[in-house]
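We call the chains A, B, C and D, going by the order they appear; numbering starts again at 1 in every chain.
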């Protein structure tokens, strides 16, 4: 190992650099210069994103290390004695998460510039980036230790984000619920990991499969471990914190939580299930089968009668997690590609929706579905963005959500999960109902006292435009999925 | 012979022109256009008839000519609908009849419909009807016939409902269409069956006498009758609908709501005999493949004829009397066909039936047009509003009388010859049937003269202004038709139209002729006794046979039966429950799913209690449950 | 670029144009131009197609083009047409054209209306030119969702309920369909989404047995298959005129076309074996729809139930699996599309004037608005199968074709279906008699005006098309016949 | 050492684990809940140390994991307490039952 290998850690290192710069800026920047915190943060994340997106191959070529580059391109390349795994798909997912984070940052302005949060705005960006770093570690982990550290790094700061509006008791309540449940879940997960360690004698991902025998203890260990990630993904029955936290947390945080955190967890879950628990495939497929059904159905049933938009989207995102799991359960290349693609599309759709919710909440203070009545007559553009997002979430063409849903279904069907897909498909009908409820209130319902028209700020608009473009183009431009699929071969 | 196409096409063009551009024309111009077109068509028909009957005879048998035939729609390689023109004796005869009567009606309407709203529309419809009817008679195949059959039905519908602001007219048109549609269903199914087993629609092939065509249906039977019997009976059902055979006749009396010239054209002379024409067209098939159906036809014809004659005796609306009389006379034609044989002398019934069709068309059109002139004069259909009109309407009176004598079967008027031959054929077939028909003929004479006396003699009613004779455009057709009625009986019909297209020498059956004339004279005498002057005999008879009289004037309650079937059974008994089922059960199920989801959603909401510790418990229990399930199952 | 893609491109460009349009006039110009262009394209396509065939091109699909889209699932953007799709494209173009004119004066939110309308057309046209299962399905769904807003925003009556019901039921159908498509893709062993390639592949019979119902019911929901038809009456009744036209006229045809193109073409064995179940259901549709129509009092409901009946006949005929009946089914799609569009257009125009669709409150309109009245009568006559109008041709083909089926069961059901012609006459004449004839029910109606120029354009074009098919059906039926052969051969295997 | 098998320790850790769970579920005070969680985490630490010591004596993985886990749990406790304090500041109460504003 020589230091040139650090170039392989470019995602994490550049993120750490960003964090450090921002930290220093936050500490030493003058009060006036801090007004530019958001643009600077966005810019830095953008730079980081460029680095992340820049394929490892190209980066390596600069340093003249082509043999390794080929190896990386071919599949997983272990670094730091196998503690850290370098693989192209991981980089793709990381850049997806970074894009999402960037959009969240763009949309956070309205909230952060409020009088109570303005002095703490730097913290938001910093803490968010810390959690992002944690997710990077989770994704890159080749050992349960790094995985665990990444998981905790991604969830403990998140609690502070949830409780960020410290003068709102709902925010505090949500924070408490989040942190306590998170610790409990990670406790269970740790207990599972400890048992795995006990039965296999190793924590390295590459060594574990050979030592798995499928004994009852190992299965129990697996289930306990699974709980930790299922909690983050908010799969039923580990989902109950989700609506409360989503509702209570500041909207930007909810957006982040519902998309980035969930996306990372889904990807990592699939990687670990496939790479580490491969020998237990029958067990985890059976578990996922029922968990998916429960997740989609229960979440949909709850979503049916929600009034609060954020709570509504909480349930929606639970059920979306169920659909994401369809990719996981297949365990195939198609499944992996579809999952990543789904996360990408889901991210754009959900962020668009939360962008609208956020700006409306901060401009008018309204956040129930009925408040949205007649929104189209006053804020047509926001309504259209919202509608696109909802249609994409519901899986209506030509929006990207249609394609992503199609692919996860295809992945599951390829493995023979006809009944599962059937149930999921029926659930899409229910989900369409509640998504249409929102569309209905915006477009069809009349309202004398509709939310007054307003002009949103440039950052938010940029974010919304980016999301809309993503929703519209991701499906029609097959190259995105093609690339993801290409790098998913053999994961 | 290609010009025969013009006969059919000209009225169509006239219809299109009047229909599209009629609004911009002066009413009179539109009338002239229609009439002139029809006149040309009539001229062409006469030329065709002359041409055909002089040159088509080869070896003593009339050939079938097909001057035009093209494929209109494919079903399979050998099954296709063609449109074309088939000329044979009956077709040519029908061309003459239709164009003649139609021309008369066109002419007559110039006067009768003068000043009516929608005059142009009226002529457009008349043209449409003429086109359809002509297309029907020259059909080369049964499907073409069906096509024009439907078109005729629609034109009839449109013309009955001509006075569309009058609710009775609308109801009558609806009824006419639906009843005939129902019959057409039978026709269609019959065609389906027939074509399925024979593989052809073509009349030429079907009537060629080639029994191998029907080999496919050999030995197949359903409910005791052979498949061919079913097919042909169903086809006859179509004919029965259009020709107002019992019990499908209910629409015809109501159809009198249309303008009177229309009744003359469609509901007396031409369209209503389409059923007869249909049976005559397929006669060889009936005779060879399903003689049992022919018996059925004879019986239906006889029953209809008798029934209508009885009902006609008590009607007071003059057009209804004529309508029932039409039904009755068509019954005669059906009986003629039903009792007929195919070859040579056996074919008397067929020939007689066609002959009667011809003569009846003339004198019945005359009667209707005469009735129109009367109505035109007194503005009422009711006999009670008439009486003593002979001096006001001399021409109408005379022509009407000619027609009455013709229909009553008094020599030398045309009706005598044709009816007498039908009676002869019937007696030959079955004396009982013959007796029934003779009785009916007597009734015919009776009710016709009842009508005649009640209109022209009897007690004169007071009118606000003196009724006056119709204008020339109306009387000319009357005189023309009366003249035809006078001489038509002497046409050597057997030379032209026979069942086997060969010559048939008519010789009168003197016994039958004498009897029937005697009956007719007695009936006329009775009518004279009852109705010549105002008399109390009819009333007394009516009270004596109270039940019969009431039943007859209510047309034996058949309309009520129909009303019951449509209103009570179809509307209330089927449709309402179906709609209810759709709304509550099918729709209800779909709504039920929605409600169920909402309910379910409501019932599980307590699960999300907001309690941190419950959440954690669920997580733990979930993990344990999954473990247990996976490990132990 | 393949010129078939223009059918999709033009509506998309129209959407762009509408987006930029500022005034009502501009909106109308864009809509009318685009619709005319589509109609011209469709007519041009018919000629081009017939020309190619006359020149001896016997390929199954003409004007094909394909380009890879999603390689991992072998999804191509592949287009191509045969006689059937050409006919359906022509139908769609006519309806879109007339629909634009029928919604000439919406009164509010015209821009949005036409935007959604164009999206709907995109889906419809795309569906008919596609020969790739995925794109077909995608366009199918594209066509469904605009319905929600079109009905919800511009509709009348219980529009929200109806829009929701319609959307959800159709989406449930498409859910089944999606599963079926995925099943076909993975189980055919062909790894292809291309219809033609799949048709040559062999899907194991036992697989077909469960895929066929999925696909058939999936499409059947849109084709108003009993008992999944209940979206149709409410949906049609609440939809604005042009949407009813397009929906009943074209969208419901997507169902029939899909059943035929996908379900029967790809799964002939199951079609043979399972047809009887669906024949019973469709037979019920035919009669049941007609009976239900008798007692309705809302004009649109009457027409909607009549659509159930007529579309039932389409599916019924398709299941007969012989050339004549299938040909009849396609003709019936065309015919029903045109006449039901005409009906809805007229009902819309009448409703726009009288503000009621309840036949008990209408009467004597013939006197007040003769043009509309005459058109209504013509539509009615077409619907009850008057020769010379399109309905007759289609129905006769269906009845004769179905009756030729060797099986007595099928023949009996054909006879049952035949009875619908009488019931149809009953409800059509009831309506005509009630609303057009008789005395004027409401004095205010006496002051109403007859059709405007754009309304006349719309109705006359439809009537011409109806009469055109009715008078000269041979070329159309031949065009369709040629394209049916591959399907028939597949079924007979 | 000989008398004490791995199982005994495991039983202890399992008891700790479930005691923690029980505490979490039943305690009414947020701080007590937090302490219960620490019990859970500590039981895991014991597990790791035990397995390393008894089963895989040649390695250090388990010990390291224990150390990291202890560190992480300290962080968690810190954040959790901060939030609890915040709750106290807002509603003057840290009873679990008061955390029920958000539900349904």
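Throughout what follows, a contact is a pair of C-beta atoms (placed from the backbone, for glycine too) under 8 Å apart; a residue touches a chain by one contact, two chains touch by 3 or more.
All figures in this text were calculated on a predicted structure; none of them were measured in a lab.
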{"item": "Most centrally placed chain, judged by C-alpha centres", "value": "C"}
{"item": "Identity of the chain that, by mean CA position, is farthest from chain A", "value": "B"}
{"item": "Chain pair with the higher count of C-beta pairs in contact (B-D, A-B)", "value": "A-B"}
{"item": "Separation of mean Cα positions, chain B and chain A [Å, integer]", "value": "78"}
{"item": "Geometric centre distance via CA averages, chain D-chain B, whole Å", "value": "97"}
{"item": "Centroid distance [mean C-alpha coordinates] between chain D and chain A, Å", "value": "27"}
{"item": "Inter-chain centre distance, chain A versus chain C - centres from mean C-alpha coordinates, in Å", "value": "42"}
{"item": "Multi-partner residues of chain D (at least 2 other chains)", "value": "24, 33, 99, 101-104"}
{"item": "Multi-chain contact sites of chain B, meaning residues that touch two or more partners", "value": "594, 605, 608, 610, 612, 616, 620"}
{"item": "Multi-chain contact sites of chain C, meaning residues that touch two or more partners", "value": "168"}
{"item": "Chain-to-chain touches, reported pairwise for every pair that qualifies", "value": "A-B, A-C, A-D, B-C, B-D"}
{"item": "Residues on chain C engaged by chain A in the complex (per definition of touch)", "value": "69-73, 75, 134, 138-139, 141-142, 145, 148-149, 152-153, 159-160, 163-164, 167-168, 171-172, 175-176, 178-179, 182-183, 185-186"}
{"item": "Residues of chain B touching chain A in the complex", "value": "594, 597-598, 600-602, 604-605, 607-608, 610, 612, 614-616, 618-623, 626-627, 629-631"}
{"item": "Chain C to chain B touching residues, read off their complex", "value": "165, 168-169, 226-227, 229-231, 233-234, 288, 291-292, 294-296, 323-324, 364, 366-367, 381, 384-388, 392-393, 396-397, 399-401, 403-404, 414-415, 418-419, 421-422, 425-426, 429-430, 433, 436-439, 473-474, 477-478, 481"}
{"item": "Chain B-facing residues of chain A, complex", "value": "176-177, 180-181, 184-185, 188, 216, 219-220, 223-224, 226-227, 231, 236-238, 240-241, 243-244, 283, 286-287, 290-291, 298, 301-302, 304-305, 430, 433"}
{"item": "Contact set on chain B toward chain D in their complex", "value": "605, 608-613, 616-617, 620"}
